[in-house]
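In order of appearance the chains are A, B and C, and numbering begins at 1 in each one.
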Amino acid sequence: MALRQKQLLQHMWKQNWVARARNTTSRIMRPDDANIVGNVHGGTILKMIEEAGCIIGTRHCNTQNGDRCVAALARVERTDFLHPVFIGEVAHVSAEITYTSKHSVEVQVNVLSENIVTGAKKLTNKATLWYVPLSLQNVAKIIEVPLIEYSSPEQEEAGKKRYEAQKLERIETKVRNGEIIMSVSLPEPYTVAFSQSSLIHLIGPSDCTLHGFVHGGVTMKLMDEVAGIVAARHCKTNIVTASVDAINFHRKIKKGCVITVSGRMTFTSNKSIEIEVFVDADPLVEAEKGKYRAVTAFFTCISLDKENKPLLVPPLKLEGEEEQKQFEEGKARYLQKKAKRLADKECQQ
Amino acid sequence: MALRQKQLLQHMWKQNWVARARNTTSRIMRPDDANIVGNVHGGTILKMIEEAGCIIGTRHCNTQNGDRCVAALARVERTDFLHPVFIGEVAHVSAEITYTSKHSVEVQVNVLSENIVTGAKKLTNKATLWYVPLSLQNVAKIIEVPLIEYSSPEQEEAGKKRYEAQKLERIETKVRNGEIIMSVSLPEPYTVAFSQSSLIHLIGPSDCTLHGFVHGGVTMKLMDEVAGIVAARHCKTNIVTASVDAINFHRKIKKGCVITVSGRMTFTSNKSIEIEVFVDADPLVEAEKGKYRAVTAFFTCISLDKENKPLLVPPLKLEGEEEQKQFEEGKARYLQKKAKRLADKECQQ
Amino acid sequence: MALRQKQLLQHMWKQNWVARARNTTSRIMRPDDANIVGNVHGGTILKMIEEAGCIIGTRHCNTQNGDRCVAALARVERTDFLHPVFIGEVAHVSAEITYTSKHSVEVQVNVLSENIVTGAKKLTNKATLWYVPLSLQNVAKIIEVPLIEYSSPEQEEAGKKRYEAQKLERIETKVRNGEIIMSVSLPEPYTVAFSQSSLIHLIGPSDCTLHGFVHGGVTMKLMDEVAGIVAARHCKTNIVTASVDAINFHRKIKKGCVITVSGRMTFTSNKSIEIEVFVDADPLVEAEKGKYRAVTAFFTCISLDKENKPLLVPPLKLEGEEEQKQFEEGKARYLQKKAKRLADKECQQ
């Protein structure tokens, strides 16, 4: 690199990132960051806050010799959303290290929203995050944190108090969380109940056509995701989709709906798993319309070893008549497809 | 691969990008399109197939005067995944209109995977999709489809047969689907059970740090999403996040885990809703490790009218002692925060 | 808002965004931003550059009374990628307004990559973008740009020269673009036809500005993706973008359009590949408007071995006069750039 470029680099560095201990990120809020009336999701802001904290924390903990490390989030203090942020506004997220203990870093993050068209600016969030540096060589090892300098002993003292307070709270919740026994009654392995899974998804602008109705492909992708998770829970292996039976899209799903995609195993052969997947749509705001079943389909998955060869599938344990009946129907579909495959092969020869 | 398939493959390859009734998409498969061992999700392929179908269907149905329209997916015929696709390969999706009825369009889609480094190409999918053109002025109106020309009367005849067969099947499933009564027992409105929701998410590479552990921000974004859906189900209005109580991240979550994010209402004041959100991690493949609770937090949401002003919240209907106890605890947190807010205000004056 | 908060806000604003005419964005590079060996796509960087430019341009053009507006990308000057960026590094993008004419704004953008683990920092890009402010009330109307102050008359004079030069070039390419006809035919290895590629993309809401027109950065990212595929097909190796020639954005592309991005090789030197990339827009629904060519540009890529060192490029096999002519033109561009690089080096010594 020529001398001139080096100087430019140093100059830029000084100008933009004045102190090492500060970091700023800006991003335009897009339709996918917001709900249908244009309010940016709190979750989008939280994610930006944490990215800013992770950058500054990781940078700081690597300013010394020894193991390279990554700052892992340990705690976020109570966070208020002071003002809503809207699509088209720019969120400016600035992070600063405000305290360091031997093994943790406190980062203060502020979020300003700027309407670049009107010029209006608002402070929308102030968050405090605690990070712990984990070694890249050995993730179980916590690195020592280089200490920061404080502008006054009072500042350091206040930081220490915040540190002690959060430490106490962390220990308390750890104990409390241990108490909360998972209320979900755990079903027996290899049963239908054990592997059944569902996800909810809020239909956002990018999921939709010009009409404001969800693209069929978006629905199918989520259905495949659920089928894959159901099969992986049953087999505990690498799962791939082998086929999808005909799918009919009877009813349209509108932007702003919440869809619930649920899957449950119906049949296992030696080397394949059949999963029935349901899509139920809930038009939240237009509650009078009620929930409705929008799509159903059967997915067939196979379980692969490390060389991508099919593995034997643990047989499904059936409970009750309904499951027995569905298994029989699944078997009939399986045999029919097998027969068709053989017939097709003969045709080709 | 049989000789016949090779020929078909070469034929398709040559024919690609020829006539206007053909359309081809190519895209490199990225880490987020695949599972942890590098197999591209079937859902990614299905989504690309449908996008190609929607484009060619919409383009075709707008080649005439009259209402502008969008092609809406009505049915996908049974689809087989012939070969796995891997990260770094290019998927070529080509779509062709093969039949038109008065109100529907049949699109045939083929997917080739190409390893651009070795040059290897494979036919991985053949799918048949049916679209119906809906007017952009009035989505309830189905437009007439411009007819295509066939290379022979036999070809048209075969298309007509496929059309009749799928029509019959669609009617059949419509009837059958009507029968399937939703097995979920619907809880009473305004109870905790009515609005409680959960989603599952497979931790992909882009969710993770260099260590292969999930970014705290990704987890928080999903928690906020669930809290928002729970509150919207209760209020049926526009919901924004007002605050998040302190969150502790006790246990790390690794790439390839499935996380279940669940939310349930714990407390309502006049104008706010408290939702407790849980994150449970399930390391699927390393089953011996078992499921564990990774994070919990309380989110406070408010319900807004069209002018972004807070609305009254319908009170929560409590069922049983446990819910009563949690409501009281939520009330205590609410009053404590309110007192703190007032104290802070006085300090500032 | 309490007085104390106002003061804090003003203080933060001054500290972080010293001059109005500067803006900085930082983001961690994720697996999806990179190819399979971990090199961040040039397209990801181009997209961040354009977002930074759009923010500062829009902010500046709204610092006056009158119509509110959005800055639309009109042209990007030739851009070099000085160093590869890797997954896990932080890209810092800083933008500054360097010249204003009556109807356009010149923005200078610098990109630094920072390895937050080792602390290494590199200047990876310097780009110059031209924006035109379009009224939000009437997108056909171009707003007058508020003038900036220059630190010296020489600085203003130099800006004016750059403005005149780019204006001339924009007019020239507009003429040339009309001529080019795409000739699609296929395969022998190392020919132009063998590696030529195209992708289609449906413009969704999150690709667009408040106007409903696609962000220039989205288009550039897709162009880079196609250039990378073309080069990888030819070389069968790890490809990175080395530079992009000036790009002119002649015609706007609207939400709901399908764009076809096509690339073909035009020239190979010993260690570089030149690819011409075309963007054609098809407003599907408004079929009467017809397809039109929206953007074209030349990308230069290099082929790297496992140690990230440049490899020899297999020479391009030319077929026909047209390809011969384009190769000669590519060679002229290559020699001109080489001469300029040498001249620049001498200047710096």
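The rule is short, and it goes like this: a contact is a pair of C-beta atoms (placed from the backbone, for glycine too) under 8 Å apart; a residue touches a chain by one contact, two chains touch by 3 or more.
Everything numeric here is computed off the predicted structure, so don't read it as measured data.
Put simply, the chain farthest from chain B by mean CA position is C. Looking at contact counts per chain pair, the maximum sits at A-B. Averaged C-alpha coordinates give centres for chain B and chain C that are 31 Å from one another. Annotation: 13 Å between the Cα-based centres of chain A and chain B. Residue positions 117, 285 of chain C are each in touch with at least two other chains. Considering their complex, residues 35-37, 39, 41-44, 46-51, 54, 70, 72-81, 84, 129, 134, 136, 139, 166, 169-170, 173-174, 177, 180, 182, 197-202, 209-211, 213, 215-218, 220-226, 228-229, 232-233, 236-250, 252, 258, 280, 282, 284-285, 287, 291, 293, 296, 299, 304, 306, 308, 348 of chain A touch chain B. Note for the complex: chain C touches chain B at residues 2-4, 30-32, 35-36, 87-88, 117, 184, 186, 189, 197-200, 202, 225, 228-229, 232-233, 236-237, 258, 282, 284-287.
Taken in their complex, chain C has these residues touching chain A: 5, 8-9, 12-13, 16-17, 22-28, 51-52, 54-55, 58-59, 62-63, 68-70, 90, 92, 94, 110, 112, 114, 116-119, 121-123, 136, 204-206, 208, 210, 255-256, 285, 345, 348-349.
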